[in-house]
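For reference, chains read A, B, C, D and E in written order, and residue numbers begin at 1 within each chain.
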Amino acid sequence: MATSALVVPGQVLGNLSTHRAGPGTHVYENNILASIIGRSIVTPADKGQSGSSKAVISVPRPGTSPSATKTANALPAVGSTVLCRITRVQQRQITASILVVDPSPQDVTSYTRITDDDLQFQAVLRREDIRTHEKDKVVMNDMYRVGDIIRAVVISLGDERNYYISTAGNEFGVVVATSDAGNAMVPASWREMKDVVTGQGESRKVAKPS
Amino acid sequence: MSDRRRLNGPAGTTSPPVFTPSTGSAISPQYRSRKPNELRKIFLQTGVVPSATGSAYLELESPPRSRSTVLNTSSTIKLSCSVHGPKPLPRTASFSPNLQLSASVKFAPFATRNRQGYVRDSTERDIGMHLENALKGVIIPDRWPKSAIDIAVTVLEGEDDQIDGDRIVGVGLVNMLAGCINVSMAALADARVDCLDLLAAGVGAIVAGPEKPLRILDPASIEHEAILASCLVGYLPSRDELVEVWTNGSSSTQGANAGISFDEMLDSAVAAARGAQTVIKEVLVEALTKTKGGTKKLSHDHMNDVEMKT
Amino acid sequence: MPSIISPLSPDPSVPASAMPLISPNALLYAHLKQSPPRRPSSRTPSEPRPIQLNVGSLAHCNGSSLVKIGATTIVCGVRAEILPVTEIPSFRITKAGASYTPTAPVVRDTRYQGDTEKDNKEEDEGEYSPISLYNLVVPNIELATGCSPRHPANAAPSTEAQSISQRLLSLLHTSQLVRSSDLEIIYTPPAQAEDLELGIDTDPQLKAYWTLYVDMMCISHGGSVFDAAWLALYAALKDTIIPKSWWDADLEQVLCSAEVADARKLSLRGIPVPSSFGVFVPEKRVLGQDGHQDPYWVLMDTDGFEEEACAETGCITVDAGGGKGSSLILRIEKNGGSNVGVEEMVNMVTLAERRWQQWKTVLDAALSNS
Amino acid sequence: MPSLASSLPFSPAELAYLHTSLASVPPLRPDARSLGTDFRPLRAETGVLPAVNGSAHVGFSDGREAIVGVKLEVEKTAGKKSVHGPIRTEDGVVDMDVDVDIEDQYQGGRHSAKGKQEWVTLSLTLPGLRDDDPNLAFLEEMLREPLAVASSTSTSTSTKPSEMGSTTSLQDNLVINSRWHWHIYIDVLLISPNGLASYPLPLLSMATHLALRDTRIPRLKSEGEEDPVADDDWMASTYLYPRGKASSGVVKPPVILLVVVVGENAIFDPSREELAVADGVVAVSVAAGVDDGDPCKVLAVRMIDTPARDTMKGVPQSGEAPEGVDVPGVWRPRLGGVKRSILKAVVKSVVVDGVARDVISGLDGFLNLEAGANAGSMAAV
Amino acid sequence: MALTEPPKAILHTLLKADGSATYTAPKNGYQVVAGVNYPVEVPYRSDEIPESTFIEVNLRPHNGVGMVKERHMEELVTRTLQTIVLGDETPRTMLQITLQVVNVESDESLPGGVKGGGQGETYLDLLASALNAAVLGCVDAGVQMKAIAGAALVGICPDGRMVVGPSVVQRKKCASLHVFAFTSDSQTVLMESEGKFTMDDWKQAERAARSAVLGSVNKQDNGDVTMNGTNITSGSSGNCLLDVIRQALEARVIKGGNR
């Protein structure tokens, strides 16, 4: 198959004996068929992987780098990092709506994507998943406030309404916050963010800027 | 008909105009100018609704009618479809590891000769169920767990149907469903939803031919006196599988007498489906090449325009 | 979309591409802050989007149109149905020569002197135009067609749909677009001799009205839906043909001739053209860093994204075709904020007139080749 | 019918077991029915409702029941001249819907003897389900469709108004004269423990079949173009579907059979377990041949969504198998549709192998063809 | 042009509601009763706004049930209140306002049997009264607002004359109708004009409405107004809308006590 031929769902791309199926394809009677329209890409198998040495055929979705396994408006999977906006802070848990899955600098999201809270997937951050140490002495209001943008990792598909996320670990926590005075805030330490205008500090669980 | 959430017409009931048989141009029923196995020209375009995940606009054109009379009969079909997903499940849904697909069909009030109301009636719900059944057969549901996808088809112009009265029944409805399946598949492909194959729908029919019944593809109900039996299939070409079958009209078995058997009618419908699929595949591939590298999703200033053929 | 370093968080791990999702307000501010101010859709604040128009493409309608303004697509169909006068509750026909005079004392203008003089005379509808009294023109917009994620398919009409329908109806009535004389079906009994002795009057009687159902389906919701809906309604009414109709005395019924040659067009009064605008006010948290003084921008013809970020919105409907020097304003609406006052309105009217010219050229082009 | 909340969803292991047993040749059915074409016993009776023209009550062995009532009313045909809507004389109800018939030139005089589809109204009610539920609309359409289909392909239209000719459909027999016709109302009531999840289509179609066979049309004292006046002597009324002595030359209403495709096998009268693992579900409406020798005719075929698509995936012991490789004995939700060849075989088995004829003749057993007692349980065919 | 006859406003006319008011338009036009409940639990989780107050307005016309026209007016009143109500003070709560039209000046000149207020009639006349009643209700319920808003209806007759608060018959004869709503710090929060008019007509109408709502232009420079009811500077002897509201407040606070 030409490396970047235009394919349509149902088009045979290769055989299971010679290739492995990547994203955007499915298998039927040990043939690999395309499952979306796009350009089929054959990426040689990198030796390091324990898997078999066969090349991977995949049909990437627009707006994502060919190698990235995720899709443009992908679904959060277990282990993917997500950016969420906090909508509700309760005693035992925090509800947030998932905005971006696996944020990477190259992917380009259209500016017309609608960001209403009720149209996004909902996630729940339980009290004991907020941080790794002193799990029981967590004071919710010192960790997160409504309206903060946090970076977290999905730990389970959860029940029919919510995914379960966790911010245990330094690189997870608040990324963008607004102070009570309504100004933007800049991270000051791992436990505190400082108001840009008034300089007044507020306590948050801050994500370590990478 | 006081619908509280819409502007209502006059208090009394209005009725469609009654036309007198105009002397000069009594319209002779147009006979089919197409060959028995020739489909109507398909005009398809994707990406008509930028804010949807995927969308498509389909038009089945019929040879241009003389517009000499106000009451012109046309067998063109114009459909628009938009796909929204993957969306979070509604609150009432139960847990499911698969993608929940819901499809619906709505006639525009001006789509048919008799004005349709805004509230969905049983014909639209029936076609909606058919469409949902066909599309559930083509998607791969476990790729997107715990999410829902909404497919909404709007019928802008329906085929004129021989049988008068306010319900569209007969071949007009079957052609409408075939159009809905094809436009939904194009929209799903545009939305990059994982599908097994490029599903296509085709209609085969048995018509009262000059001496013995005739088998034709893509029948337009205006062009035939009596349509004895019609058969619609939703067909997966690469798997040679049928996800949707809807036949009505009696077909005898195994050609016991001069009648055409069920199997032959099914094969003619599959041939019609294959023909439709090649056209749709061309348009999708050409739409892809027009937007190099498939970044069509992001460029918003240039909109591939939608012209509606008269 | 120009890649901009988000003013909010220098943290590179939050990619610029996520900005529109995290804070649309900040993104719009970052674009407008540049000089000259540009919008994410690379338009200047006062630049409207191009309009595309197709007319007369639906078979089962008396008149139809398709309008595309940027990402907003609306298909409009006009259906004419007959409303016999007997169906109107409490309707009394008076004998007077005027086509109809419900018992209201208002005498409509004299109607039947020569027709030619009527065409250009901007005669008025009088207070009790039958169109608004008996709902003879019924505009309705349907947004539940899956035209945007916020409008799911097959839901009951949302508040936005009802608001747009009501605004269309008000503009239709106040601009007196449709002449009620176009919608009347008059019957003049043949003046045989014996009728006079029996006292049967041979004056023209009004037997029925034409009712125009104007249905608009919003295929794609891309902001400023009211503008596109009104322009679609206008183009469809312009394209509408009313078949020749007469009252059949013995059948007690209105019959029509199916000939297009006999049919007639509607003569519409003036060309009202609405142009919507939004007023963008950056949030305090975004402003805090720059201390920018000029807090708001007026964006003409807002698209879906900008409409979401502007709390204060409005619309000006002008008709610059009057030829009486300064154009006539038909409707001004503004709500949701307190930034725009009388002064800004003045230059916005000039922008509205420019939009009027833009629509005029598009309309003439479409009508000429349809 | 999507799998509404069936009472107890099956586990992947159960589904795998059921699928392999049903896919084997010959199919091993969970309720030990020997052949794929065996039917479960059902009990039925006709003439159960007093104030109707025809009625039937059918019950299946798994507790589902259907009661059907058929009523006929005289209605004015909306001809060219009618101005203000038909007035129903039978029970004095003035029906004001303005039914102005459009005299279309391109229609030609084609529909003089033919009936209109609107004269047949079928409504299905299931307590507990909203009446605008798409599934009810789908079922109503499925039941009404074959009735409207001319029962044979030859195009000659018989002119005998009320006697069931061999070539006309139901609505053609409702014509009284050019100005009046009968309007037939078929009301179906379904009583079922797990709602529509048990695909009640065959039960409903058999009940409708028996009710229509039991329907009697009052004899008209008026002739020709006069306004219809009915003879109130019930014994003088004739059957809508006349019952000839021998079963030849007699047209019967259609019956809908539900066929489940598992692997290569076609399985009839599927129970809940068999439906749960179906690769495809096909509903075939069949009309019996006019005289004995004739094979049955297929009136309508519809494919229905199979509940096996929305099920959980089984996890093999030996860890996740690469996608697409089928581990025997591990359930995988069904993808795609039914092979074309298998579908043709299914329709052929319904019509040619005589399953339809057995079912229809079996149903005759319930009708007291002569007279007298009606209850009679139908032995397994 | 001074207001001929001031509107009437009475606070706390209902007992059970958190706040209530009755507003009667001049020339005994519309009379609207507003019932306000604030702050209340938001019924549907999807309507809840995490950082602000959800405002819901229900408008009941005098005859029959609310149709499309009433939905549009509710939307306009809601958006106007959103500009003046400090929503962030009480996040995730609801401000519910119910407006009931109790009296309408009947229009005898309508052709026999045709009731006024039909679908084809304008909605601007009721909009001004509804907005004033809503603001009065919020004031009585103690809703936290950054300013008070008032609206006035102005009609322009074919001969160019400005009529503030036209009666039903006058409205029928007007070439154009205008509704303007101003906050007490003299910003315009709502403009609704329909009919045929030029730019200077519109400016004149705006000035007339402004003086009807805010009183004459030369307010004392520090913005506050002498509370003795007779506002000499405005020379309009206290019959501009803000004065009416102020008098109603005095009646409620000083004389009425907590009735």
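As a working rule, contacts are C-beta pairs under 8 Å (C-beta built on N, C-alpha and C of every residue); 3 or more make two chains touch, one makes a residue touch a chain.
For reference, the UniProt names are A = S1 motif domain-containing protein; B, E = Exoribonuclease phosphorolytic domain-containing protein; C = Ribosomal RNA-processing protein 43; D = Ribosomal RNA-processing protein 42.
Keep in mind that this is a model prediction, so the values were computed, not measured.
*Asks:* Tell me, which chains sit next to both chain A and chain E?
*Replies:* Shared contacts of chain A and chain E: B, C.
*Asks:* Grab the C-alpha centre of each chain and report whichever is closest to the global C-alpha centre.
*Replies:* Chain nearest the centroid of all protein C-alpha atoms: B.
*Asks:* Is the C-beta contact count larger for A-C or for B-E?
*Replies:* A-C
*Asks:* Farthest chain from chain E, comparing Cα centres?
*Replies:* D
*Asks:* What whole-Å value do you get for the distance between chain D and chain E if each is reduced to the mean of its CA atoms?
*Replies:* Measuring from centre to centre gives 62 Å for this pair.
*Asks:* Please compute the C-alpha centroid of chain A, do the same for chain B, then give the distance between them in whole Å.
*Replies:* Comparing mean C-alpha positions, chain B is 38 Å from chain A.
*Asks:* In angstrom, rounded to a whole number, how far apart do the mean CA points of chain B and chain D lie?
*Replies:* 26
*Asks:* Roughly how far is chain A from chain D, going centre to centre by Cα mean, in whole Å?
*Replies:* 51
*Asks:* Residues touching two or more other chains, restricted to chain C: which are they?
*Replies:* Residues 1, 41, 71, 89, 134-135, 148-149, 162, 165-166, 169, 253, 304.
*Asks:* At which residue positions does chain E touch at least two other chains?
*Replies:* Correct list: 68, 71, 119.
*Asks:* What are the residue numbers in chain D that touch two or more other chains?
*Replies:* Residue numbers touching two or more other chains: 100.
*Asks:* Touching chain E in the complex: which residues of chain B?
*Replies:* Contact set of chain B toward chain E: 4-8.
*Asks:* Can you list the chain C residues touching chain B in their complex?
*Replies:* Against chain B, chain C makes touches at 1, 41-42, 52, 54, 56-62, 64, 66, 68, 70-71, 73, 75, 77-84, 86-89, 134-136, 138-140, 142, 144-149, 152-154, 156-157, 162, 165-166, 169, 209, 211, 213, 215, 217, 219-222, 241, 243, 245, 253-261, 263, 304, 370.
*Asks:* Touching residues of chain A toward chain C in the complex: what are they?
*Replies:* Those in contact with chain C are residues 83, 85, 99-100, 103-105, 107-116, 119, 149, 151, 171, 175-176, 178-179, 182-184, 186-187, 196-197, 207, 209-210.
*Asks:* With touch defined as at the start, can you tell me which chain B residues reach chain C in the complex?
*Replies:* Residues in contact with chain C: 5-20, 22, 24-25, 48-52, 55, 57, 65, 67-74, 76, 78, 80, 82, 84, 87, 104, 106, 108-113, 115, 118, 120, 150-152, 154, 156-158, 160, 298, 300-301, 303, 305-310.
*Asks:* In the complex of these two chains, what residues of chain D are touching chain B?
*Replies:* Touch residues, chain D against chain B: 2, 5, 98, 100-108, 110, 116-118, 132, 134-135, 137-138, 140-141, 145-146, 148-153, 155, 282, 287, 294-305, 309-310, 312-313, 333, 335-340, 343-344, 347-348, 351-352.
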